[in-house]
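Next, two complexes with chain A in common: one pairs it with chain B, the other with chain C.
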Partner chain A sequence: MSTATVHEHVDVPQPPQHGRPGGYLRRASILTGLVGGIGLALVVYWVGSLWLVPWGTTNAVTNLQVGADALWAATFAGWVIGFMAGIGAFAGPIRWALGRDLTHADAEYLAGRDQGKWRYWRYTTDHKVVGVQYLVMTLILFGVGGFLAMLIRTELGVTWAEVFSPDFYNSIIGTHGIVMIIAMIIAITGPLGNFVVPIMIGARDMAFPRLNALSFWLLFAAVPPLIASLFMGGIRDGWSVYQPLSAQAPTGGVGYQITIITFAISTGIASVNLITTTVKMRARGMTWNRVPVFAIGIIASSVMGLIWFPMFQYSQIMSLSDRMISTSFFNPLGGGSVWLYENLFWLLGHPEVYVIVVPATAALMEIVVVFMRKPLFSYKIAVAGFAGIVGISSIVWVHHMYMTGWAPSTNYPFMLSTEMISIPFGFLVLVLLGTIWRGKAWARLPMLAVYAVIWNKVVGGITGVYLSDTPVDQYMHGSMFVVAHFHFMLMGAGLFGAMAAISFWFPKMTARTFDERIGSIGFWTAFIGFQVTFFSMFVAGLQGQPRRVLQFDGAFNVSNWISTIGAYVIGIGMLIFLAAIIVSWRRGPAAPANPWGSKSLEWQVETPVPLENFPVLPVVTSDPYDYGVPDPYEVKEPAEAEDAKVGAP
Partner chain B sequence: MSTTDDRPSADADGPEEPTNRPVPADHFREWVSRPYVRRIIVITVVLTLVIIPMAWLTLHFMNLSGAPASPIMSEIEKTMFVFTVVSAPLMAITLAILLYSIFGWGRVSGDKPPMQESPAIRGNRTATILWISVTSVLAFFLVVWGMIELATISAYSYGATPASDQPNSQKPLVVNVTGQQWVWTFEYPDYQGVTSATLVVPKDRPIYFNVTSKDVVHNFWAVEMGIKIDANPGAVTNTGVTPTKLGTFNIRCAELCGLHHAYMETSMKVVKPDEFDSWIREMGGRRTA
Partner chain C sequence: MTSTHEVIEPRSATTGEPVSVVARRNHLGVWLCIASDIAGTVSLLVAYSYLWSLNVNQAWAPPKNAFASPLPFWLITLGAVIGALLLWWGLRSLRAGRSSTMAAAAGLASVVLLATFVGQIVQLSTFPFGPPDGAYASATFWLCISAAFHLAMVVFLAMAILGRTRAGLVSTANPSHAHLVAIYTTWAAISIALGAIFATVMTTSPNDQSPPVGEFQQPPAAAASANPGS
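The block that comes next holds the complex of A and B.
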């Protein structure tokens, strides 16, 4: 890959500027955001409690005060809007509406030029800052979700008593579920999609830098309502918040809905941005067969998110409307349908698994080529695998509804489509195994992690094939077997894949060397704990333990004890891995620009990566997988064989 | 092993010097004759033989509580068995390649990127065609198997004669199942006024369930019978089973339904037909039809 990189400041001629630089956006930060958000929330609550509650009617089914739900939904919405206004998200559009645009100086200020660490606390448009912000947010969400997971396993391990009240237990399983889903959806696309992809394709930033900042801060604003709901009765209905159960939920339930509605907007914006960036901003010479496979995986994931997230969002808008203004989309007593909710929910609910697993798999491919010093086995098969998954993932959602009685005859075609998705999934495994084939592995943490993740992926994939079969699902649906299966996919493939990817790109993102010794101890401890926990959970499921229970038949005691011990081991491992991240980030030795000897563009720029990445945009002459020596087994004409022998080291 | 080099050399690992471009069949034969390919095949076969007993192990865990108690459950277990056996080679070959990569092709360590590069393999027609055709054939086999099984258990659910030697000419016993937070109620419309909190049914007679809910979505799961269907408010769903084993079995709610979801379970007693009749009399039931 040829990259003409000249590190000199280049003065770019500017178009005529409208208006003076400066103004509110130079004063906005997370602090003004908090002031705006809390301020507007208080105002809305005060005004609303004067007007909404006295007018509130009573919900016919649940006898709940509709007014209180509407009040809290408005208050949470006030928080989100106030926060976004306070942090300066609307400053650009308002100026534009007033006939003045951001000047070049403002754009550079927004990008965080010369602002040191403070730029991480602002509405900064630099894609690298947004990537780091996403990384920290991901770690915080995993911390919260992981802590709740420990509480769940504690309850399930203490088989002789209720540790928590059933209400609190139900709200921790619901909150654990949705926090982890959000964390997993952003875990790779957020930090690495934002930080790495633009550099990887030879761009100076994302296509829409301000939308990039918007997508992150919307995510940030979406989280507090979710946390607040824990203190307002909690999300007691699982992460799937099925109707009409969630209509009975305490007021905290609206926190979930505001969070999802906001998060869906954030995801949509981020997806559009990533897709547009990769389609339109690739360096000269980066034809579609030279785009790094990680960028393709991020596109595939973004396309699925973009198409299917709105379904989830609609389901929550309709739920909110059922709660607040007594519509009956999902309330059978008013002519609604619970199956409508289930369909809308699973239209995202299933593709979401691929939204998570596809970028994780693409990241593994980038890792394997570097550590095997081999080209990718087949770029075309990898892309065909991603395309197949994107296509088929949109027609499989009913396998979550085999047992709902909605339309039993559809079980046949959906069993077909669901089992067919294992074929493109197999393409991805083929590419990974083909790239490993006959390579001499450079045994570093990111590479060894790949072996672990492939194992998890295969276990998750095969148990998924069981569940895709309706007769087997008739036994397994709603049991712990399902829980173990999707943890193998989301955690085993997704989270462990993200850990591999973060340890790989850590030196570029933080300019520090990752402490592999501590990191490896953490990773392998967590991996062993993971196998113990979830294999034992498969057994509990086979024995017939339903999911989402806090007490159960004594027959399941042993497998639950083993799972709980395993879960504590995971917890310890994850804390050690987190310690490795924090210690390396604060005090690790400075990282060289290309510690892995990778040929991909992001490793050719200096570390720390300068603003706008490339002083002179690179020109690409091959794909980034140009490793390896001629294959000695490759059958050659005699003359060629002689050449190969001479050329081989 | 870390210094092993798979490039052909004087040692036995190398291929014979090729002199001209072989036809595809020769190419395949040459590929299979490579030492590492042979070893991986051996490891795969061994691992497959190790994994297949897992099929019995899964059934062992499923049967701990007395399953299978119906032909439907037997079919489900048969399907589980077949799926494990069919997936075993795929799991084995993946594991074999991973293990051979770590222990066979060797590793290098160190802080600097290794100077020695691996063979630049970009694609391999033989391996690709093999992989894609094997995974596709297996997937299609499982789909076809699943569809036949689904048709079979659906027929059993709706009163078809199970493939057992029991004569089965009676008309199905209808039971109306109602879920409500957090109890199950069983009503026998064939017998006036009989409702019960536990399900009591005669052996070897088809039972037909009308399932509904009074409040939220529940899921009626008769564990050892292998039947499961959502209990939805405002709708009736159906399932059915012919119990073929005497004993007391489990009914659990398999859909989160609020506060006491964990405790929403009851038992299902399968009794001899005459015991069932006397139970109905005890409950004060009279035949309505």
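The block that comes next holds the complex of A and C.
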């Protein structure tokens, strides 16, 4: 991919500079955010305890203290609003409304120029800072979710005793589920979508830099209510928090609902930003058939998130409303329906799988072309696969509800649509295999990880076809087989794909070389543990072990022992991989600009990437995957010089 | 002798790009926000129509069939529509070079939309039922809360456009923010109108045969097939 200089220096008239550049945001940081969030939460709690609790009395239907739920919901909402105000999220809209537009100096200050590491703790708009913030948040969420997974497997592996109470066990199941879902949704789109995509398409930043910071800090604010819920009775109904269980759950459920409502706004904003950036800010010459496939995958994922997340968000708003003000969306005695909840929930719940897997697969495509030194096998099939997944993902949700009794006559059409989605998904695997086919791989960690992820995808995909089949699902749907299947998809394809992608782009993101020796030990240890854990879980499921059940028949003991040992091995592997990230980030050798010899734009800029990414905006003159294809714009020696070189007459 | 008047396009102070370039991506961003907002509104409308069609436990209607009066819904819709039309009229004038008309239109729109917002709050607080009074009450309350949220947003936006027009930041050469606010206000009016249509047309449930919860019995045919020996 060639670049040429397009540089026009224009002196732009600046609006009046009010005070020093940055204004209020000079004083705002995570500290002011915490003060604002905790302060407002305390005030709301104090005022609410005087007003809401006496008002709330008892819900006649669910026999719950309405006021306590309302009090905690208001307190969590106070935390989110106070934190966002404290960190400076409202400064932009207020300035805009007052007509105090940003000057160039303001914009540079907000982007973190000359602020050192402190810029990572502020409302910084630079997409590279936001990408790194997302990366750290992703690692923290994986740490929390992984720790809870270890607790779950400890309980299930210790078959001779009860480690946790049933209620606490249910809480860690639900919290593990939703923490990991959030972590997986952001794992690639957050760190890499933000850091890599703008550079990859030749832009100086995201389309809406302030919204970019907003999306990250909303995510940050969304997490504490979720963690707090563990100490308030927990989320005892799984990550799907089905009704009517959710309505009868302890106050911890309110934390879940506030988290999802906030996270949905964060995801929507991030989706708007990523789509607009790729559609409107591509470099000159980057026609649609030259857009790197990773950017296409991010668009596909963002479109699904943008359209379907509000359904999930509104399901939680209605749930919260049922708890707080005794509405009857899901309460059959008041005219509500639990099936309404299930439909709204799964309208996002299933596309969310593709929100996770599609960017991971797109990242693998970027990796495989570089390490095979071959053009991508059928770029158009890859794009068709992404488009097909986006389209069909909207008509598959009912396969999660075969056994609920809702509209049984729709089971077979939805079985068909679910099996159909394996076709575009198969396209993506085909593109990966076609690119690998008869190639000679440069066997580095990112490339080897591609093989691992393809294996996981195939296992997860094939077992998914079984589960989409209504008759088979009648037997399987509540079993550990389902748990193993979706872990192969979400963790096997999503998380291991994210590990491959992080090891690939690590040098560009951190300006340090990733320690592949330690990283490989961690990756393969986790991979082996993963196979042990979940193949054994497939067996337990086929034997009939139900999911979400603390106590089970002794016939399942051996499978559970093996799964628990495998889970500990995963944990050890992940810790080693995390150590590789930390050690490399702190003390790794400085990374060259293009250690892999890639042709895509993000590797053509210097490392560390300067604030404005490119000294001059690039012009794209060839495809990003033209490995082995002569560059038509390459300057060639004159024919006479060639002749003289070979001694031709 | 002829002279040409070349309109020099202003540039963004932060990025140095022509404002039309920034406007194009702002347009796409606003349309995507609207797409997401549509999904949310559709969720509420689906909830409303689903519960209306099922009439679970015969509990759709509020006590004594005291449905909300339709007039306030349509007055609120009318207010939102007038607000949107005023902003479009102002934009048209702005493009014709009359920025003072844009400021007047934005000011009028702010007043109308603010009054509409207040009307929405009054309607919410004077319904002849409370949120716990059945599924109709629940769904109607949330349609109105959604309308109030949209109205609050457009009041803020219209007032900002008033201030920005007066400050010269929205101008004939750079009208894009006014255009974006007009687009969003139009969508807000549409979403409020959809809520009004649902809440006034779909009142009494078509399903008057739904069994009370706790007394559900299988239909005779299903019962016979489940117990072939009997």
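Note that the second predicted complex is superposed on the first by the 609 of 649 C-alpha atoms of A that agree within 3 Å, B and C clash if a C-alpha of one lies under 4 Å from a C-alpha of the other, contacts with A are read in each partner's own complex, and residues count from 1 in each chain.
By definition in this document, a contact is a pair of C-beta atoms (placed from the backbone, for glycine too) under 8 Å apart; a residue touches a chain by one contact, two chains touch by 3 or more.
Predicted model only: the values in this text are computed from it and were never measured.
Colleague: State whether A:P332 touches chain B only (first), chain C only (second), both chains, or neither.
Modeller: both
Colleague: May I ask you to decide whether A:W96 touches chain B, chain C, both, or neither, giving the answer as first, second, both or neither?
Modeller: A:W96: touches chain C, not chain B.
Colleague: Does the superposition put A:L31 against chain B (first), chain C (second), both, or neither?
Modeller: Once the two structures are laid over each other on A, A:L31 reaches no partner at all.
Colleague: Examine A:H477 and indicate which partner it touches, taking first as chain B and second as chain C; both and neither are also allowed.
Modeller: It touches chain B, and chain C stays clear.
Colleague: With both complexes superposed on chain A, which partner does A:I582 reach: first (chain B), second (chain C), both or neither?
Modeller: Neither chain B nor chain C is touched by A:I582.
Colleague: State whether A:L306 touches chain B only (first), chain C only (second), both chains, or neither.
Modeller: The answer is second: A:L306 touches chain C but not chain B.
Colleague: Which partner does A:I227 reach: the first (chain B), the second (chain C), both, or neither?
Modeller: So A:I227 meets neither chain B nor chain C here.
Colleague: Taking the stated contact definition, name every residue in chain A that is touched by chain B in one complex and by chain C in the other, in rising order.
Modeller: The overlap between the chain B and chain C interfaces on chain A comprises residues 332-333, 337.
Colleague: Tell me, which parts of chain A touch chain B in their complex?
Modeller: 166-167, 170, 236-238, 242, 244-245, 248, 332-333, 337-339, 370, 372-378, 380-381, 403-405, 408, 411-412, 415-416, 419-420, 422-423, 426-427, 429-430, 433-434, 436-443, 451, 454-455, 458-459, 462, 465-466, 468-472, 474-475, 477-479, 539, 542-544, 546-553, 555, 595-597, 627-633, 635-638, 641, 648-649
Colleague: For chain B, which residues are in contact with chain A within the complex?
Modeller: Interface residues on chain B, with respect to chain A: 2, 6-8, 15, 17-22, 27, 30, 34, 36, 58, 61-62, 64-65, 67, 72-73, 75-76, 79-80, 83, 87, 90-91, 94-95, 97-98, 101-102, 105-110, 112-114, 116-124, 127-128, 131-132, 135-136, 139, 142-143, 146-147, 149-150, 153-154, 211, 215-217, 219, 221, 223-224, 226-230, 232-235, 237-238, 250, 252-263, 265.
Colleague: If you look only at chain C, which of its residues touch chain A in the complex?
Modeller: Within the complex, chain C contacts chain A at residues 10-16, 24-25, 28-29, 32-33, 35-37, 39-40, 43-44, 46-47, 50-51, 54-60, 131-132, 134-139, 141-142, 156, 159-160, 163-164, 167, 169, 213.
Colleague: Please output the residues of chain A touching chain C within their complex, sorted ascending.
Modeller: Per the stated touch rule, the residues are 10, 12-15, 93, 96-99, 101-104, 106-107, 204, 207-208, 211, 268, 271-273, 275-276, 279-281, 306-311, 313-315, 317-318, 321-322, 325-329, 332-337, 340, 343-344.
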